[in-house]
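In the two assemblies presented below, chain A is common to both, partnered first by chain B and then by chain C.
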Partner chain A sequence: MLKIILALAGNPNAGKTTLFNALTGARQHVGNYPGVTVERKEGDYHKDDFNAVVVDLPGTYSLTAYSEEEVVARDFLANEKPAVVINILDAANLERNLYLTCQLLELKVPLVVALNMMDVAKDRGMEIDIDKLSAFLGVPVLPIVARSSRGLDDLMAAVKAQAAGRLAPPDPAKVRISYGDDIDQTLLTMTGLIRDSGLLKGKYPARWIAVKIVENDEMLINEVKAADPELGARLLHEAELVAEHLMQTFDTYPEAVIADHRYGFIKGILKRGIITHRYDENRLYTSDRIDKVLTNRFAGPLLMLAVLFSIYQITFSLSALPVSWVAAVFGWLGGVLDAGLTDGPLKSMLISGVIDGVGGVLGFVPLIMLMFLCIAILEDSGYLARVAFMMDRIFRIFGLHGSSVMAFIVSGGIAGGCAVPGVMAARTLRSPKERMATLLTVPFMNCGAKLPIMALLIGAFFAEHQAMYMFGFTLFSWVVALVAAKILRLTVLRGAPTPFVMELPPYRFPTFKGLLIHTWERTWQYIKKAGTVILAISILLWAMMTYPGLSPEKKAAFVQEKEQISARYKTGSEERERLLKEVEGRRGAAALQHSIAGRIGVALEKVTWLSGFDWRTNIALLGGFAAKEVVVSTLGTAYSMGDVDPEAAASLGQRLARDAAWSPLVALSALLFMAFYAPCFVTVVCIAREAGSWKWAFFSIGYSTTFAFILSTGVYQVGRFLGF
Partner chain B sequence: MLERISLRRMAKNQRGTITAVKVAGDLGRRIRDMGLVPGTEITVQGRAPLNDPVALRIRGNTLTLRNNEADFIEVEIEVDKAD
Partner chain C sequence: MAGEEYGRNRHCRRIAGEGETQRPGCRRGLTFDGERPLTLAGCGRRLRVCRIDGGRGVCARMAALGIFPGQEVELVCAADRSRCLVRLNGSTVSLGDGAAENILVSAA
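Here is the complex of A and B:
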């Protein structure tokens, strides 16, 4: 049987996602609309013989082309022609919610209205005459409580009837909104022209096209011009005439007049006894009392810091145990392969490429799950909007949005975060430019993987001021990230700030089901989409650090040396073990230098001497692209020390402190470079996913590495000049 | 007596009625989409800790916008003659 398509449309915070979850359960599929970063959510609905695909359109307040969300919703309705559109309304916020309904009626989509949160409306002393509302709108209106799945059967029965075409379409005369004499006259002329020419027929209703042109909707105007340039010019001319007239006589814009009349139409309906308030409409509810504390001038910011800090704690400390389990499982797997396979390239690839790669992908999963769970709680409860409200003044200075704060904190705003969940936390931002600037700058924060390198170098060269240096780097990373955001917003991401105007929705308890679905689907997306790419890059990096191997002669020379030592000293003697380890260390260093990565490292010396790095540091920094903590172990190999445990690298530190190539100045230069150069590739892959294009991911690598190089070279050269 | 001022200049808990929204383009559209149209009654519910953005009570719900966005909204307020 052919499945019909149902679309869910409604304002953000109207309970659209809750209804979607209630209708589809766990049978959901999340993807992206082509070319944009807006999520496309689909799910199946079955009931008896009624089967449907439910598409959860992005939450919008209107159907202008103001945001990506609105464009997506509008295109979907026009192009895919869903059999029924369920418009979900927040009963306690009816007037504003009906604004979208008006536009859906004008678009002439087959509509069923679901009046949600009837319980809240009742608590607030509101009574809504549903039959009357239905009569005025000319479409079925059904009361529901999506949270507790009340009223869904009746709603779906109405949907089924609407889909089967058993309902009469609304009386056009009744739901035609008048926009005042001037505009109505123009619309009449334009509608006639559009009808006669058959412009975009079948896609949009003629009058809707006319309204959009008068509203100066650029997207639609371009579409009209492309379809019929001559008629387009004529229609635009009509629209300009009326715009001029309105400006001269009323000092206002057509779009303002249209909005006013839509609200007028809604008020007109609601006045006719549809809503009765038993209490003062603006009396304060529990939610407002909570806000008196949570957004209080003094208590608000303190409580917010406490909340952000606890999210950070929950994400990183609760995940420590499952992360160690994942590491243990993969360590065990590696051990099994190590014992079971003979030495050779296959074994090396499986252990260092595949197992480390898959382990790397899955190692982030507990982190990401917990972070998304925390974010889902904040989002669904309504607190995240308050965070944006309180932080906006500060973040706006740097061209960001109040909501950016989450991403910065998680990425390492408190030292020890991680940019991977941080980049994903930027999803809560709805303003495209501010979001992109956030994505590109959060990797500068002091993530947990940078800490072992800091501990190593600071411990070796600045031991007296260890705590101060560590803290200083965290503060400095904030400065760099925010200033970088400002610079990006003035250059590549130039443009006026996205309007901030937003709702502070009433506080609500998140539903358990909603939280689970939210958390799981986002985590799964990471595993599925980012995982495959990360695995491929992991294998590539392994190959670069391994091939080409040492020539047979050189290999033979090391083997011979080892044999000589074995012959000279007693088996099990300390001296013998030490010497063997020393030869093995030299062999590892020679192999690394010989590999592709090694050669790149040596070649890069021509540039990196400016900031004081030799080839060993270069290779280590290349390795850091896999994961920042790899810098420590690669440095260990390059200094012939064999495998160095990043957590216990004191001996490597002593080695560096003694080395002629290193000095406190070189260490500082290396620290700065390491803190701000290209993000690790897991972050890069996530940036590509979140930004919707690889272009931005490559840009991220390029600009941060350039910046880090300039910074470290500057510090090194000035330091040299000053005689350090 | 009635007086027209910009929304930015309204004090906490002050009531008023929107008389004009003087901005076109994305910002104007967004402001109107959210229900801030002439004739709407609003009350200033409060301001963020750094005085910006401002939170408004409108038809039993809360909206927030930045001060530089509030500049475009003209509000009619009641003022005491004694002032």
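Here is the complex of A and C:
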């Protein structure tokens, strides 16, 4: 059965993603922040014999290429020609939402309008005459409440009819917006030229091309120039003439006139009895009253800090018990395998590679899940946008944009994010320099993968002040990232700042379903990563740490030593066991040092002794380039192989705390290095993709590792000097 | 001379529609008592957008957000004077100082 393509278009915060979830049941992220859906998202819709691929387009205010979201949405509509476009409107803010609808009508896409949040509009005392609106727009208009899935069946029935071509297209005369005599005349001339030449035919309607050229849409102008340079020049000339004329007579730009007439068209429709207000239109809504407090000059920042800090407290106190359960399960599994399998490479691989590697990472799932739940609450309630608003002044100082805060927060500004979506979130930034500065500095944030290492080391060495240390590290990562951004903006990325403009969505109660989807989706991504990449790397590292094995002579020497001990002491005596263990420990250490990883780690010791790292830490940090979580599993593997402590249940943290090579000072130095050195390779790949060149990706690796090494060396050496 | 001072850039402005007279305060070069950048307008007041400076892209982007000459907005008191929270048509838009100083308003 043929599947049709169905696109969801609408303003940010109009409820597009909520509708997408309701239609497809897909597990994916729904935010309350403008521009959170930069990526194209797809899901399947089935009902009876109607099958569709639903594509969630990024939220946009217009179809002019001012931001990447708008480019993405427009390209999709023009290139993939969806069978139906559902334009979702926020019923409580029809005027601005219809601005996009006007442009969709001009683009002549097969449209169905979904009027969302009818409940909110009703609460605000608005009555909307849906039939009239539908008659004026010439397309079906269906009332829905996406949050509670109300009205979806009727909506999809209309979509089905539209897809089947059973609906007549809107009367062109009725929905054609007049832009005033001057522009209309120019458009007429240009449309004629475009039609005659067949320019970009089948992709855009002729009049739409003309409007966009007059609007000075650079992307489209370039596209036209590439398709037909000669005609492009002529069309541009026409557009320039009308622009000059408007400048001389009205002292204004054509796009201002166009915007004005679009709103005129919208107001013309709405005035004809479509909306009736039962209350005063301008009264303060609850959301505005909340904002008076939450964005207050003095109370706002204090409340924000309190909110951020309470997230740590909640996360760490509630996660402690489940974390210990997961650790116990993996400890038990290791024990079962240890007893059930005969010694050999397979057993070693399963216990040291698989169980220690994956178990070490999965052990932190409860913690990460709680953290994501807190973030989802902030995002879905709309508070995160206020955080961005309040942060703008600070970000401006460091040469960034208020919208950068989203990238920073997603990357781990509230500990527990991930630099990969953070790098993606930087797409909402329009200025290339601010965007690049954001791309290069977000990996400094406290991402979720760094949390296990932090939890491990802080738990082992600074257990009394765990929450304080975690909070301190997050604040410090902000400082480092912001200062680095400032330095970048003053050196390699010099340039003037762009204006900050962002919509603050009204506060909404997050839905239980929404929170579950968001929390689970992010947690699942973490688990998937642990299950695939990390398992593979864990095994690879196990191999690197196992091969090449010790030479036969050395092996024989250890065997001989053990035999001598066995011969000298009585079987079962304490002394005999202790000595045997001691020999086995030395043998393991020698084998690891002899392996590939050991050799690299030992070689690096020549440099890393400056920051207090031995070869085991070096191996772990090398593994962290693959994914930061691997640092924990590698340390686990390195220690369980090099040290056959019978207390297998003892956690890695306790093991490190007992180790002579570790001290609180070394732990602090390692924490600092780990927090700021090269981002994991997944992030590096994303940076390369987003920045458009590998040069920036390598720059990112180089400058962050250098910085981290200098910082940790400084701390370690000063600490040593002070006698810690 | 607020109009001149902030009219350095080319700007966009509302054109009087049919049966409407051009608002005197929205013309470039004329001093009109009360026409001032949003950054200097009083909090909690209803204002009318007269003009948007700052070049073609800024003007059109603001229009897409619903801020265009002729539109009535309410300035919700922001956390400080350089960043503005503006309410219009039931939505709240926050503007950095760079964006807000390009928007010239007069009392509604």
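Following the convention adopted for this analysis, the second predicted complex is superposed on the first by the 449 of 724 C-alpha atoms of A that agree within 3 Å, B and C clash if a C-alpha of one lies under 4 Å from a C-alpha of the other, contacts with A are read in each partner's own complex, and residues count from 1 in each chain.
As a working rule, contacts are C-beta pairs under 8 Å (C-beta built on N, C-alpha and C of every residue); 3 or more make two chains touch, one makes a residue touch a chain.
Keep in mind it's a predicted model, so treat the numbers as computed, not measured.
Peer 1: In the superposed model built on chain A, check whether chain B and chain C fit or clash.
Peer 2: clash
Peer 1: Identify the partner contact of A:D44: answer first if only chain B is touched, second if only chain C is, both if each is, neither if none is.
Peer 2: neither
Peer 1: Looking at A:D154 after the superposition, I want to know if it touches chain B, chain C, both of them or none. Which is it: first, second, both, neither?
Peer 2: The answer is neither, since A:D154 touches no partner chain.
Peer 1: Of the partners chain B and chain C, which touch A:I394 in the superposed model: first, second, both, neither?
Peer 2: First partner only, chain B.
Peer 1: For A:G180 in the superposed arrangement: first (chain B), second (chain C), both or neither?
Peer 2: It touches chain C, and chain B stays clear.
Peer 1: Just checking: does A:D659 make contact with chain B only, chain C only, both, or neither of them? Give me first, second, both or neither.
Peer 2: neither
Peer 1: With both complexes superposed on chain A, which partner does A:Y253 reach: first (chain B), second (chain C), both or neither?
Peer 2: The answer is both, since A:Y253 touches chain B and chain C.
Peer 1: Is there a shared patch on chain A that both chain B and chain C touch, and which residues make it up?
Peer 2: On chain A, the overlap between the chain B and chain C contacts is residues 61-62, 64, 66, 92-93, 95-96, 99, 124, 216, 252-253, 255-256, 259-260, 263, 282, 288, 291, 295-297, 300, 389-390, 392-393, 396, 498-504, 506.
Peer 1: Would you pull the chain A residues touching chain C in the complex into a rising list?
Peer 2: Within the complex, chain A contacts chain C at residues 61-62, 64, 66, 90, 92-96, 99-100, 124, 180, 215-216, 247, 250-253, 255-257, 259-260, 262-264, 282, 285, 287-288, 291-292, 295-297, 300, 389-390, 392-393, 396, 402, 497-504, 506.
Peer 1: Which part of chain C faces chain A closely enough to touch in the complex?
Peer 2: On the chain C side, the touching residues are 10-15, 17, 27-28, 46, 52, 54, 56-66, 68-71, 74, 76-80, 82-83, 85, 87-99, 102.
Peer 1: Per the contact definition, I'd like the list of chain A residues that touch chain B in the complex.
Peer 2: 61-62, 64, 66, 92-93, 95-96, 99, 124, 216, 252-253, 255-256, 259-260, 263, 281-282, 288, 291, 295-298, 300-301, 385, 389-390, 392-394, 396, 496, 498-506
Peer 1: Help me check something: in the complex, which residues belonging to chain B touch chain A?
Peer 2: 20-21, 24, 26-40, 43, 45-46, 48-53, 55, 57, 59-66, 69
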